[in-house]
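Structure first, then comments.
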Amino acid sequence: MATSAEDIRSPGLYRALLAEMLGVLFLVLVACGACTNVKAQQNLITISVCFGLSVATLVWCIANVSGGHINPAVTIGFLVTRKISIVRALFYFVSQLVGGIAGAAILMGLTPTEYRASLGTTQLTQGVSVGQGFGIEFMATFVLVFTVFATCDSNRNDLSGSGPLAIGLSVAMCHLWAVPYTGAGMNTARSFGPAVIFGGPAWDNHWVYWVGQLLGGVVAALLYDLLFAVNSSVDKLKS
Amino acid sequence: MATSAEDIRSPGLYRALLAEMLGVLFLVLVACGACTNVKAQQNLITISVCFGLSVATLVWCIANVSGGHINPAVTIGFLVTRKISIVRALFYFVSQLVGGIAGAAILMGLTPTEYRASLGTTQLTQGVSVGQGFGIEFMATFVLVFTVFATCDSNRNDLSGSGPLAIGLSVAMCHLWAVPYTGAGMNTARSFGPAVIFGGPAWDNHWVYWVGQLLGGVVAALLYDLLFAVNSSVDKLKS
Amino acid sequence: MATSAEDIRSPGLYRALLAEMLGVLFLVLVACGACTNVKAQQNLITISVCFGLSVATLVWCIANVSGGHINPAVTIGFLVTRKISIVRALFYFVSQLVGGIAGAAILMGLTPTEYRASLGTTQLTQGVSVGQGFGIEFMATFVLVFTVFATCDSNRNDLSGSGPLAIGLSVAMCHLWAVPYTGAGMNTARSFGPAVIFGGPAWDNHWVYWVGQLLGGVVAALLYDLLFAVNSSVDKLKS
Amino acid sequence: MATSAEDIRSPGLYRALLAEMLGVLFLVLVACGACTNVKAQQNLITISVCFGLSVATLVWCIANVSGGHINPAVTIGFLVTRKISIVRALFYFVSQLVGGIAGAAILMGLTPTEYRASLGTTQLTQGVSVGQGFGIEFMATFVLVFTVFATCDSNRNDLSGSGPLAIGLSVAMCHLWAVPYTGAGMNTARSFGPAVIFGGPAWDNHWVYWVGQLLGGVVAALLYDLLFAVNSSVDKLKS
């Protein structure tokens, strides 16, 4: 792992920041775009598949440049397991949030007013309590970050096939459950960007999407790294 | 194959049991969650794809820890073909059933009462006879366990691509047929957990989901292992 | 390539015949099962995805035993390009047709009468002329068999990922177009089996599904083998 | 990279041109076929998945013959980054446009008049401004061509799994957003062919599909090649 001091002097970091920003930008533009609504054509399957394929595609495109986080909950997971430096994590956060806002702004401009719906903002559905919303976002983000860590475990040699696709499919899987309840944020930059641009009701209980997701990411990362990773302490104990 | 005595002293077994429990827990939480229903958004395609992707994702995540069974019908298949010890099989069963109950309980807590539908329990649709339900569960589980064995045949070298995804897609395939008839259990822990938590009509003919599925798993495992596996007896006969 | 005389004495042939029969049996059982209809839950996307995933799954399971044809149009393609012996082709045809009939018969037994719809038989939709139906089946089967040949071209080294999945996705792709017009047979055993069991209107213009599909398979196989294969005559010319 | 003079004398070029023509022909035939409409069976998910799988399948089939562009926006991207010769690019363009027209003509013949809908032509939906349509086509094609370049970056060794599938999924992803707004052309040959055959309203603002797409392809190709490619100038600077 590069230290913060090394990272900050590396030209690779700045390219990675651009990649993270563009990744979130296109994720929000296209997948939140699939939540806008022309003549009721969009529905649960189209939205879920679009988010899943968007994450799969964008991680595929930039994995070698930035690691393909495009999600603060993933970045915080890598931070608490000491796989990236603090400076890199902070810079990633900022890039991701900026990308989310930029993507939502472009989407706003490209969408006729009458078709905007709520511009893909994530909100708790009528009847879902704050505690339930928190739990759903925690669980869904847990699944995503756990999958990311399983995919990025470089000591595993039992997996073949596309890692980015596996990550994207875990996103689609959780959307098929959670979209009707919380909008299935699962990604703070994706929840934050459209809220900044669309405003209004998108801010109600918005903290749920920050705390639930980031906590889910932290717990999933620690659990995988401490217990399930090939080089986890349990494994070292065995040998 | 490790013996029962070796297994019981191995720290790896207990980590595997945790993995199996968490695997079924998240399978039931997310995929049965996709069977609850807010404003009629869920339907056959969303449920089938969610189950398929959930199995693909969770097997991908824990395959190197426990083998990624997350299904008693798979475990019994490995038992009857003598690929795992009796102790391991029994411990897996218990972990899977506990995981199914825990997942359903969490789902119950996270779902507003008015949206629970039947909490993803599996029941025979009106008009489907017990014999038909048994046959459908037998056939669907047969396809799944046969696919698992084809995927795990370490002597095959003709397959590339993701094994967990292939297994998950076989689950989605059978759901697209069987959900409207039996709910497409295909997994005793997934049928049992929600029944324990939701109760009532979910217990009608519940034995079908145990006997049909486990028998399907046993027959598929034996057929593959005795006849189609690369190192099956027929092949040995030829050489 | 084994000669007919060698094939007929090989125990591997008989195992391959069983694999082909079971492959078509489960294809028809599950995917035609997805064409039966309980309370209008099935539709174009569920049927198309089910056929695609069924082919992907079953080819994955038996590819190393029989080559995973499970389709007379594929087998005839391998025959005319001299990749399998005449005896093997004839035996495959019979196994596939028997598998199709058996799958449809089991499906008939497992489906309550009121939900059978037309049991997945393929028929020309009202308004589609015989010539149009012929053309659609020809084109769709062409795409499938061309994809099979591209996947099985052992001299290609540019492809990674799952071959069976690529074949299955070509099936789903053509179903999304052709199901509403011809039922998207694309496989003579799959069109024939349900017709034998369901009878009646399924026999109208049934020859279209034989001639259109088999001809599509022959043309695709010859085109790939003579022109696009890595070791085709054009390539030899270049070197 | 072969020069124009070398290309024009190579038998491989003419085989590649046939592959490009057939690729676009089947893309338009099948995927635009999925936009025709029998009894309202087609919808956003069926159309998007069909386009994605069609691109994945056809690129898979012909990648080793022509590179599998089947899209002028991809070809122009390879041209401006000097990966193919001018002669090859021009010949590809012509083959692709001819393939698009041929595919649309065959589709016209195979589709009963009453089911033709608008034959898969791409048009701006009522309420979408020309600028918005331009932006959507630009962004969607950008995502596709960026994915193609990430997939074809032969210096990356971090990707496993199917490249053609990754490209196809990026197509499906953008369709799930853009179909309701612009028809999600993303491919000039696919927008042009049906317009030639169907005519009429398909020509309104047709330039958007040329300029928006080709410009998106050029910008994506240059951005990837100059900044993100493994051997980009930034990387060279670092070493």
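For clarity, chains are labelled A, B, C and D in written order, and residue numbers in each chain start from 1.
We adopt the following convention: a contact is a pair of C-beta atoms (placed from the backbone, for glycine too) under 8 Å apart; a residue touches a chain by one contact, two chains touch by 3 or more.
Just so we're clear, the structure is a prediction, and the values are computed from it rather than from any experiment.
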item: Distance in touch steps, counted as few as possible, from chain A out to chain C; value: 1
item: Matching chain pair for B-C (criterion: over half of the contact pairs shared, by residue number), options C-D, B-D or A-C; value: C-D
item: Centre distance in Å when chain A and chain B are each reduced to the mean of their C-alpha atoms; value: 28
item: Multi-chain contact sites of chain B, meaning residues that touch two or more partners; value: 43, 45, 49, 160-162, 165
item: Chain contact topology (line, ring, star, complete or other); value: complete
item: Complex contacts: residues of chain C adjacent to chain D; value: 43-45, 48-49, 52, 125, 127-129, 132, 135-136, 139-140, 143, 146-147, 150-151, 156, 158-162, 165-166, 169-170, 172-174, 176-181, 227-228, 230, 234, 237-238
item: In the complex with chain B, residue positions of chain D that touch it; value: 45, 161-162
item: Sites on chain C touched by chain B in the complex; value: 10-12, 15, 18-19, 26, 29-31, 33-34, 38-39, 41-43, 45-47, 49-50, 53-54, 56-57, 60-65, 106, 109-112, 114-115, 160-165, 168
